[in-house]
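Chain lettering (A, B and C) follows the sequence in which the chains are written, and residue indices restart at 1 in each chain.
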């Protein structure tokens, strides 16, 4: 079971230049993968193709063996969920629970099933204190957790998070970890686009590096974050702990402050 | 140095809310310093910024208690348009700040000056100067609506700097930018500091704040929980109690302390930490 | 244009190097309104044709000629031919002098003439308006109105309405993408489309409402409320006497022509 992307090329309508060129990757169910790289490297375009929002100009995408070519985006949505960067593009109900229920009712699930999924999604995303509020009165960083709750309730096997840590405080980052752990416990794959290297180093086992419309590296987090040549090409800086470790000549590959402290002591 | 902004027991509640957004704020901001405002979301950072600029209560309404003094004069006594010249304000969303009615970056930057009635020749001179300063001089002919987030935020800065305010308030300028664009923003802030402006930035990127700011103000649950130099404030345990993010190097220092090998003093930048760690190594 | 030339251009009045494009915006507007309304009021093919030819001649001498003739051609084919067919069909077989026979039925002269009247009224009206809109920038028109006393807030409203329409289209796209990604179909049969109206429209409306608030604040930060005299970076030359004369002449022709047309044609 996997999303398989084979040699995809894509250019936006009315545009002469391609946004991604000949990209291939496989995301297995249950994996945690981060895509990193500079803005304009083709990260967002690639994941939008995996979610079938865009159709590749060349190449194929299969989700659990289903070719997405002749499917609509909404038909792929139950398998591949996407949390957009801007929650305001999505929310339209005047009530938090209605918002979460909307797609479930759209799919005509039973009342008990809807309730079970909704309650679970609310608990995992920590938005219970905000149930009484109008969605647009909820502070923006927390509003984002409402859109995450919507995806959690849909329960797709693959979840894509676009810049989830942007604008989040400590509470938000901790809550995000809870969501990711929950998804993993359910055997779901989590794919994220992020600039936040601390978050990537802490939470992801595998990193895909994109630069100039293509994948330039794909491998274990520890390996990739200690490849200065690749990071430089992608205009990415390693996490601070790794930077310090390298500067003071520590040989072990540390990825967080705890490991760094241990290595120094 | 003189005090340019002073909060005297300020409490404020937005309209239609029962709970006050900020309570009993007391602080003084000195001319020419750079202040970093930190704290959890919805803790009162933005309200603090809005109060200085008079958007609370002039724009949002609501109830204000206590006094906010800007250059010694009460906020409510200032004419609104005068205040907008005194205090420049850069917002969070880069795209919401373009006027939408100017077709080139050049004219966009000039808009504020047009409103103030600055003569054309003077405007052109200042736009060229400021564009160079914030590195948008290659974008002058572009449409502001066709820029990337980072470029757009730089143009927003240029548009505000063109007004030549002495105090500049910046609310989470990098939350929607990538790391390179964020660094650009902080370079601009550094330039402003060098020009002697008073800068107030609300931000989550505490590592950058620690490097650039003279003072840090931590706000949580609507109250100021700590104010002082970055070194003092970030070491204050109250920050961790209230869930305020601290720079990674400070976390490292705390971890080291726990592991029984403390630093001689609290580091606040990466360079400093590396230097101290090297010294430690040699000292062994 | 190099940046240097571009900056230099603001030291002078804006010039495009074409007589009609550089025609003073308000004088041009008066000229075009006069002939446009004359075409409407007279409602006879002779007047319409004359105005249509006049517009065509003006358009030929501007850089916008290509767009002008293509757009007008499309409008002619789609709009006018359709009205002609409908009108002729309705009047087929009516009594009166016969113009020609179609499918064995008499087409009266009166019907043909009324068709021509309608066509050229529309073409004259649209033609003269297109020569205005294709060669005049809204910002220059607004600037000119500001010069004669219109308030900057009014011009701001006009200009932001125009740009707002363009940005709403973009917003619609991103909201549609976002809703499809969560499983709501937005394409397909009419029922599906109707179902998707609310999820797509609501976020667009909300965002344009919050957009207004953001923009108000941003404009406030640019001292938009300042009381004193506003200056302008981009300037348009004041109307030349000959331009004023042409505008006045157009007005006289419009009034006289309309009266004469109603009486004699």
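Operating definition for what follows: a residue touches a chain if its C-beta (ideal position, glycine included) is under 8 Å from a C-beta of that chain, and two chains touch if they have at least 3 such contacts.
Just so it is clear, the structure is predicted and the values come from calculations on it, not from any experiment.
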Per Cα centroids, the chain farthest from chain B: C
Of A-B and B-C, pair with higher C-beta contact tally: B-C
Distance from chain C to chain B - Cα centre to Cα centre, in angstrom: 45
Centroid spacing, where centroids are CA-atom means, of chain A and chain B in whole angstrom: 29
Touching residues on chain A, where the partner in the complex is chain C: 48, 51, 53, 72-74, 77-78, 81-82, 84, 86, 88-92, 102-103, 106-107, 136, 150-151, 154
Chain A-facing residues of chain C, complex: 171, 174-175, 177-188, 198-199, 202-203, 206-207, 210
Contact footprint of chain B on chain C as seen in their complex: 1, 3, 6-7, 10-11, 139, 152, 156, 159-160, 163-164, 166-167, 211, 214-235
List of chain B residues in touch with chain A within their complex: 39-42, 148-150, 172, 175-176, 178-181, 204, 207, 243-245, 248-249, 251-252, 255-256, 259-261, 270, 273-274, 277-278, 281
Contact footprint of chain C on chain B as seen in their complex: 55, 59, 80-81, 84-85, 88-91, 93, 96-104, 106-107, 110-121, 123-124, 128, 137-138, 140-141, 145, 156, 159-160, 163
